Amino acid sequence: MSPFQDFLVASLIKIALVLFVLLTALAYIVWIERKIAGRIQNRWGPTQTGPHGLLQPLADVIKFIFKEDPTPAQAELPTYFIAPLIALVLGLLSITVIPFGGIVTVAGHSTYLQISDLNVGILFILGVTSLGVYGIALAGWSSGSKYALLGGLRSSAQMISYELSLSFSVVGPLLVAGSLSLRDIVNAQSGYWFRVIPHWNCFPQAIAFITYLISAFAETNRVPFDLPECEGELVAGFHTEYSSMKFAMFFTAEYANMVTASCLATLLFMGGWLSPINSQYSRFVPVVVFFALALVLARFWLTRRRLIEKIVLPVFMGVCVLLGLLFLWPAFYTPAEGVFWFLAKVGFFLFLYIWVRWTLPRFRYDTLMEFGWKRLLPISIANLLITGFIVAWRAS
Amino acid sequence: MIPVSWYLILSAVLFVLGVAGFLIKRNVITVFMSIELMLNAVNLSFVAFGYMLGDYNAHIFVFFVMVVAAAEAAVGLAIIMLMYHNRKSLNVDDIELLKF
Amino acid sequence: MDAVLFFLFAGIALAGAINLIRESHPIYSALSLVAVMGALAGLYLMLGAEFIAVVQIIVYAGAIMVLFVFVLMLVNAAPEVKLDRSKMAKNVGPPLLTLLLVEIVAVLRGKYPTSDLVHPSLLSGDNTRQIGKLLFSKFLLPFEVTSILILVAIMGAVVLGKRRPDDSR
Amino acid sequence: METTTPQLWILPALPLLGAAINGFFGKRQSRAFIGGVACSTVGLAFLYAVYLFFTAGVGDTPRIDYIAPWISAGSFHADFSLYLDPLSMLMTLVVTGVGFLIHVYATEYMAHEDGFYRFFCYLNLFMFFMLTLVLAGNYLLLFVGWEGVGLCSYLLIGFYYLKQSAIIAGKKAFVVNRIGDFGFTLAMLLIIGTAGSLDYGTVFKAFQNAPVENGVGAVTIICLLLMMGACGKSAQVPLYVWLPDAMEGPTPVSALIHAATMVTAGVYMVARSSHLFVKSPVAMEVVAVIGCITCIFAATIGLVQTDIKRVLAYSTVSQLGYMFLGCGVGAFSAGVFHLMTHAFFKALLFLGAGSVITAMHHEQEMGAMGGLRKKIPTTFMTMLLACLAISGIPPFAGFFSKDEILWSAWHNGHPWLWLGGSITAGMTAFYMFRLLFLTFFGEPRSDHAQHAHESPSTMTVPLICLAVLSVIGGWIGVPKALGGSAHFEHFLEPSLARVPVEFSAYARASGSDPIDIPRPNPEPAEPEEPGAERLFSLIAVVIGASGIGLAYYAYVVKPETGQKLSAQFHGAYRVLLNKYYVDELYEVLFLKSTTAVSREVLWHAVDETVIDGAANGVGSTARAMGGFARLMQSGFIRSYAAWVLFGAVGALFYMILQWAK
């Protein structure tokens, strides 16, 4: 095979893999969110569809597909249809430059665990994010509804405003690493202070980390910045007039953006796929985790009465044990350890997203803008300045 | 390998289309967009020349053009908003105070 | 391969530009312009200007055009009315435009024949780093001046957009 | 040439700092603060000057402090550089010392005036400019100081800016000085032309090597133009008219600026340029004659003035004339010596007059005074000493300096000038004691005089200090003939040029061929004729004493004599009282004619027809063309765009045509 074909095949495999995993994961993030929300509100969340409501996402998808899809009479037609597509495509696009781990070698072909290693990767993500507003704004405008229009207006203003502080906070780690490639940025974070504290950007760049998180919340239109779709005032904001699969596209796009933002936070500030533990035994952590998970499942299996749980839980248990055992096998372990840590960190950020959503109230619109322009932006600029000085000072 | 002149001619055509937009369109904002189109066309030729000559200065110029375009958009759109506020119209032919 | 990509992007750009003029509703014009810009970003990538391509997306498509769309939505722009009060533009415009195109193409054909190929090797390497170095050394003064320009533009926009106390609305 | 330590720039910088503090922040500060700042900066400058005097070792080579480049045009350079030699050292000491005393005095004198901070800001600024003038290392920087003190003088004369006469007096001073400055500027240009530089060192070297000019040549013209500048600043005939009017300013100003320091700048400048003057007998002659005429002329006017400050003003003019007389006859050191002693006793006289005026509730007419001797004894005593000093009574300061000038005049072959000077000395003694007797003796002639009180110590202490200086100030320059050692002359020797042999010969021969009378010994032969010098001293003392006696007779013994005399010589009295009608003459000669020419020719003819016509023509032509061109302005943006497009197409077409060729 020529190198080009090599590249093509590898890329296609990676794309298929990532897309499958991502879409499935997105569906199950919804399940997790509903579960967590339930716990936070002192209720159970989905329980009926499958064991622990595990089949709920499937049911949702089926519902989305078969639901009637009315088109408003005032809608601006082509745009009305294109808008959710734009949102979804852009939401999925940025995942292409996210590296999940180090190099993997399969059957003599080694490749990065990343669809495409752009050397301006981070700028690419910023660009795609900045385009993301079109989906929402156009949806709002083309729906022909005042709620939707207001939602669209809000989202375009809000996303432009917070994109600034997002970009500025991203530049901090970028300066530290001296590269625009996400892979280089992660590699620049390897190492440990005092042999214990990992060399992650979230410590020296704590301010940028915090401003990044806040603006990322705003960029993804999540609570407490979900003004474009705030139910209290705008019914459902920009997607008021959307239903069935078109709504599902927005929904997926939102979660995809969440994932992207979490991945970026992991890569920029939390050392990406690097292990937090400075020890050769850190490779046993996944083993322990999976075995522990299996134990928990075993406990559930012992206490639960429902037939389906009695059947399904052992399967999951088996999977966990298998994974734990796989991590003991060096050929699997070498590439997979990075992926494990990466996913763990992303999972942490996703949990943060959900946690915040169900605990914090929403901003008022004027306070939102004021916070963005008068607080967040100056802070991130100041951080950038200081970082710049320090980097320049060190270089000299 | 694409000859540079293709890019340049594409740039020329885009530029002329921008000028045509400026002449034809009535909506101030669209006229404004036509200007942006012209700027983009010029940027394309800059980048093409930069590629041909292997010169990064062209990129810098594009960068500056973008910055100026951003500043222009901010001020221009503010002016358009004011105009809409005062005259309730966005039609360039309605704004005709500046004449003999 | 290159030719295919070039014609794809050039086609999108041209179609977008023509659509910009053809559409009567400004929002569609704006979207066409976004398409043009996206296509141009693709062309920039082909020309080895990765940084410029991404900045094109971020700044032009992601900020400037969003601002346009925002304003269009804010004033709830309707399809434009053809008043056609300017006889000058109507009568003299088209022939002049044709002439301009012919002239530019003539000049370009004369100065840069199709056989004129490029030296892509010169632009390989760390694109962004090179631009950054240039920007902060050779072009430092223009860069600083630009930042002042931006500052002035921000203040201008704020002043213009500020609601005056004597405004009834 | 040392350039680093000690730092000369501190001297002018201190008052400038004071001026800045008072000018920028003084408005809201207390008077104590303002006065403290003003006095302390000047006082520190004085202390620093004293320190410099004792440590810097002012010797044969001038110390040049280069501060910063200023003008650099081709081969011409003028820099901010300060120049310290015995002459500028002396001037610095006098300026800062007397200035400090006057500052202290002024804090009390001005205590109840509005614009206190403004006054001290100007006063400090004046000190800055004066020190710049004195310490300047080249003529251009000197000119900066020169103009600066002129500005401060203008500001301070017009300090009571609500008073019409004060404003007019300020303007007059400024305008009259302009004439002199014009000459000075021309002189500088000529110096550049001749010596290629304005730096003292270069200029002096260039002229030292030049031969003595026996006719009217470049050097003479330069010197005459310099003298013209000096005439303006130092109030010499014919530009003296501004100084008496300048008495409109507050009295400390009169003391500091119009008696002790600024008006002597002309003398300083002439002495500084002595290397130039000694090459031009004609110019020297002119200087001496102008000085002599001025001193007689002003003294005669001074005889009849009744305003106490005006008497002093004319006396100042007269004494300045003395200094020029001294310089003109080649006794530069005597001129500078008189400058110094004059600074002491004239400042004292003015401050004393100020004290009298305060005591009299701002009454300046001597007619309303009288009998103040008992009321304000300190002022009386100090003023008596000053009068004795100015009258040339030994051993007071004025005696030595005046005597030396007169002796030089005679000795260097100018008997007529000697005569003029001697007569003036007599008149000086007369009118000064006339002032003293009218003010302090007899019966009080008004209520204010009846109830006058002595001024507080802040005013009297400077008086006493100056009185001491007036008494002993002359002792440093006791000529050898009178048993002294002429310290002063030796001190100044490195700075001043010596009159060359052939030149004094020329002067003696009064125009005859100078080569004919050879004089082997270039040294002015003081020890040769000690007897003659003593004789002349005696004559001077006698003249002075007789002036005093006459005044005593006319104003104390028989107070009605004055009336009788004025009745008898009514015409002469009127002429003197009206200052020879010089002001009126100038009014007709210069003011009226200039105004008429300006109005009829420049305004009605040139301005209205030519300039206005051209301006209007341009305007109407533009209008006409615009009327045609505005047809393009349809108001539609798209039309404008089409025009632009048209232009672009045209330009491109032209370019293609060019390439096609």
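Labels A, B, C and D are assigned to the chains in the order they are written; within every chain, residues are numbered from 1.
FYI, contacts are C-beta pairs under 8 Å (C-beta built on N, C-alpha and C of every residue); 3 or more make two chains touch, one makes a residue touch a chain.
Keep in mind it's a predicted model, so treat the numbers as computed, not measured.
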item: B-D or A-C - the one linked by more C-beta pairs in contact; value: A-C
item: Whole-Å separation of chain centres (CA-atom averages), chain A against chain C; value: 32
item: Euclidean distance of C-alpha centroids - chain A vs chain D, Å; value: 87
item: Rounded Å distance between chain B and chain D, as computed from the means of their C-alpha atoms; value: 69
item: Centre distance in Å when chain B and chain C are each reduced to the mean of their C-alpha atoms; value: 5
item: Shared-contact residues (touching 2 or more other chains) in chain D; value: 634, 636-638, 641-642, 645
item: Shared interface positions of chain C, touching two or more other chains; value: 51, 55, 63, 67, 74, 85-86, 89, 93, 97, 100, 104, 127
item: Set of all touching chain pairs, with the criterion as stated earlier; value: A-C, B-C, B-D, C-D
item: Residue ranges of chain C in contact with chain A within the complex; value: 27-28, 31, 34, 50-51, 54-55, 57-58, 61-63, 66-67, 69-70, 73-74, 76, 126-128
item: Contact footprint of chain C on chain A as seen in their complex; value: 76, 79, 118-120, 123-124, 126-131, 133-134, 137-138, 140-141, 149, 152-153, 156-157, 159-160, 163, 167, 180
item: Contact set on chain B toward chain D in their complex; value: 19, 22-23, 31, 92-93, 95-100
item: Residue ranges of chain D in contact with chain B within the complex; value: 630-631, 633-638, 641-642, 645
item: Chain D residues touching chain C - in the complex, by the definition given at the top; value: 634, 636-639, 641-643, 645-646, 648-649, 652-653, 655-656, 659
